[in-house]
Amino acid sequence: MGGYLLKRVVSLLPVLLVVAVVDFIIIHLTPGDPASVILGAQATEEELAKLREQLGLNLPIYIRFFEWIGGLLQGDLGWSIFMDKPVTEAIWEHLGPTLSLTIMAEIIAILFAIPLGVMAANRRGTWMDQTFMTFALLGISLPSFWIGLNLILLFAVQLNWLPAAGYQPISNGLLNHFKYLIMPAISLGIMQGALIARMTRSSMLEVLNENYIRTAEAKGLKMWLVTYKHALRNAFIPILTVIGLSFATLIGGAVVTETVFNIPGIGKLIVNSVLRRDYEVIQGTVLMIAAAYVLINLIVDLLYAYIDPRVRYDKS
Amino acid sequence: METSSVTIATSQPVAPSRHHVRVAMNRFFANRLAVSGSILVLFITLICVLAPLLTSYDPLEMKVQDRLKPPSTSHWFGTDEFGRDVFTRVVYGSRISMGVGFSVVVITSIVGLLFGLYSAYYRRLDNFLMRINDGLMAFPAILLAIAILAALGPKMSNVIIALSVVYIPTVARAIRSVAITVREQTYIEAIHALGGKSWRVIWLHIAPNCLSPLIVQATFIFAYAVITEASLSFLGAGTPPPEPSWGNILNDGRTIMKQAWWMTVFPGLSIMITVLGLNLLGDGLRDLLDPHTNRAKK
Amino acid sequence: MIHVPLLEVKNLRTTFSTELGQVTAVDGVSFQVDSGETVGLVGESGCGKSVTSLSILRLFRKHSGTRLTGEIFFEQKELLQSSMEELQEIRGNRISMIFQDPMSSLNPVYTVGNQIAESLMLHQKLSKKAAQEKTIEMLTLVGIPSPDKRVNDYPHQLSGGMRQRVMIAMGLCCQPKLLIADEPTTALDVTIQAQILDLMLDLQKQLQMGILLITHDLGVVAEVCDRVLVMYLGQIVEEASVETLFENPKHPYTIGLMKSIPTIDGKRGKKLHVIEGIVPSLHQIPKGCRFAPRCPLADEKCRQHPPDLFEIARLHQVRCWHHERIGVGGVAFGG
């Protein structure tokens, strides 16, 4: 088990390096002079020179890369020109809403998707299966921001039940917090839920054909025990993979959802930074998210080992 | 060389006789998913090709006196805050969505196939390419695209570049995993033993086996690309206005949602129909082409 | 007092719906198994023997389009009409099954101990601790070394033979009255095969169980069975005591099966006998006798009219129009 963990962690290092290189390259793709792009056409030559100096643009690119990496290793993600503060600080200020939103969305997704996917698999071919799967197909075909817009039209504009946009931190009351987050979380969670439900169903269908399921039934176990104890645990590895991958989609979706609902999270920070051409913020935030994704998938790998003993004892 | 010709013959797809084509057609038409999916995709493709014939308005023409008109017989989907006909803009918007989606599919298929095949075949290359792949896949698709577009500037061609970079790793990985299982098969070893050249093995023996999964994957990539393009345009990072795209029409409509629901509903439905069609087609093709899921069905 | 068999299957028909239409995998099968008796069910793969065994406990997935008709009495209780709850009370408790492939028949994500104890806790209402103790006892009984350690092993950590012993322990832990063993030794090598069979027979004596042994291996049948049922394409074609069957087989198919057993004293140069042709698909069942297309004795009558099961002696039935032409030991065969 310890060896497995170590191997996983070591295998992440090259991936993290690639992530950093890709992130660095992308931002330095910007054609022309970033200083003049940032300051606009009316900037004076003096201002431009000062900014170039500040951004280190007069240094050769490889030196800039190593300086940047050196900074990263010391926890320095860069400096926000627009907000005039460290990128880490900006991220920290915007982290709460995004965490709340994505966790809530993921919980909603998992809570509905797995039981529905299991039911559909158990009742393969029935009207129930077909209805669930039609909804799941619709779920992966609807852009989350459009679901969000429709929810606003219905629950905020028409019925006036929920606030159309905005955010209240947990410190202003849990109920208030949920009232503002429920619509964004649903619109973000629907696609995740649909993906997880589809994977649960197909993975369960495969497992339900396995001989050990017949063995379990031959033992006289009740249907729910066969399904949830014997089948689901075996079917869970691909489901877990989708959940792990879904973190990326969730963060991506959060960018758009936060814009729709005007939530001051990481996504809003990135979109605003794009509009403000605050490149270091984009660079630092994107890097942080990619790194978080890599770590989440490490946790998923460890969960594999927990769920399936064959992974634990495997040589590779 | 007797044996080699026999082995090779079995590995190659049999020339489709008329009977085979008919069986394949029958199976296709018996698959409800594939049929309904292709009908929807065909429908959107027709709209996109026939756009100028479907409407007498100009998608960019502003008429201040017609601002924010609700749907009527003269403006089926109403008008926007500049008096432009929303139906016309949605119809022309299909060209952006389908154009971006199609271009992304072509680029990702070609590049992903190359990367997937060669990294499956050459192990040392594999290590290198797959680390890059893993690194790229660590970025959420929309974020990577936003970052690339922030650097390159919002333009349709840049959207295509950004989305291709985003989805190539997905295709490469899918192709690689199929190619590896094919590479491990005995007949490939036999060809090697008989002195088959690497490029022949890769392109004549491994590549044809990757075609079915590639087609299925490409269909789903098309669907993702359409959604992601719409999201990017909605955020203002994709297709720049006044060029109509479903995403930026939705963005225009967002601030005036209370007065003009039609600007939110119709472009969204168009995205849904397109993506639903592609997903249905993808599901159907997977049933038809992927023997693994077929077995699970029994 | 009338003799009541432990298990009595009457006119069982099992049909599946497939993409190509309805298929009858088991067609009018009737037989009995008594307490303490071992009945062999033999035939080539695809003849319906496994489906027959699964039908007894109705081990088919709901919504799979499987239809069962006929009657199955177990200890005078009709199983096909029972509720799922009643059936679950019997499964693994009064009737146990051991499956063919011990690799895939054990759940890979639970320890073998957990999988055996599960049955005990369910049917014998044992506490977790008592079930654990009984599990170790069962593992000892089936001859697994250091059972107190193996109980915490996962299936993939055990060899094929050990896994099959685990399956047997699982099947026998609740002391069933009937054991259905579907090719229990096929996946194992010969020495282990013999050990496993001996073990099953030993336990049978102790528990007085009836055993329905499904196999394609006539060697195994000769060794352990009291009576034999030969199946072909969903029907029983011959039923006899094991002595009668080997000395005086009456169905051309049975004779074909016998001839295809390799013998130690057989001449080396002699080619092994092979039954001509292949088992037809269940979608294209021959109109007359089902074996006619492969039978050297088949004539027009065979091809047109399906034969009944003729009772030619006490406890010896055969489904062949020409059974009278076949002499002792199948001598006139081929005439």
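Labels for the chains are A, B and C, by order of writing; each one numbers its residues from 1.
To be clear about the criterion, contacts are C-beta pairs under 8 Å (C-beta built on N, C-alpha and C of every residue); 3 or more make two chains touch, one makes a residue touch a chain.
The structure presented is a predicted model; accordingly, all values stated were derived computationally and were not measured.
A linear topology is adopted by the chain contact network, the touching chains following one after another without closure.
Comparing chain pairs A-B and A-C by the number of C-beta pairs in contact, the larger count belongs to A-B. The mean-CA centres of subunit A and subunit C are about 53 angstrom from one another, to the nearest whole unit. Subunit B has its Cα centroid 22 Å from the Cα centroid of subunit A. Those residues of subunit A that touch subunit B in the shared complex are 14-19, 21-23, 26-31, 137-138, 140-143, 145-146, 149-150, 152-153, 157, 202, 205-206, 209, 248-249, 251-253, 255-256, 259-260, 270-271, 274-275, 277, 279, 282-283, 286, 289-291, 293-294.
By the touch criterion stated above, subunit C contacts subunit A in their complex at residues 54, 57, 59, 61-63, 84, 87-93, 96-97, 99-101, 104-110, 118-119, 122-123, 154, 156-157, 167, 170.
Across the interface of their complex, subunit A is touched by residues 131-132, 134-144, 146-153, 223, 227, 230-231, 234-237, 250, 254, 257-258, 261, 264-265, 268, 271-272, 275-276, 279-280, 283, 293, 296-298 of subunit B.
Contacts from subunit A toward subunit C in the complex involve residues 122-126, 208, 210-212, 214-223, 230, 233-234, 307-310, 313.
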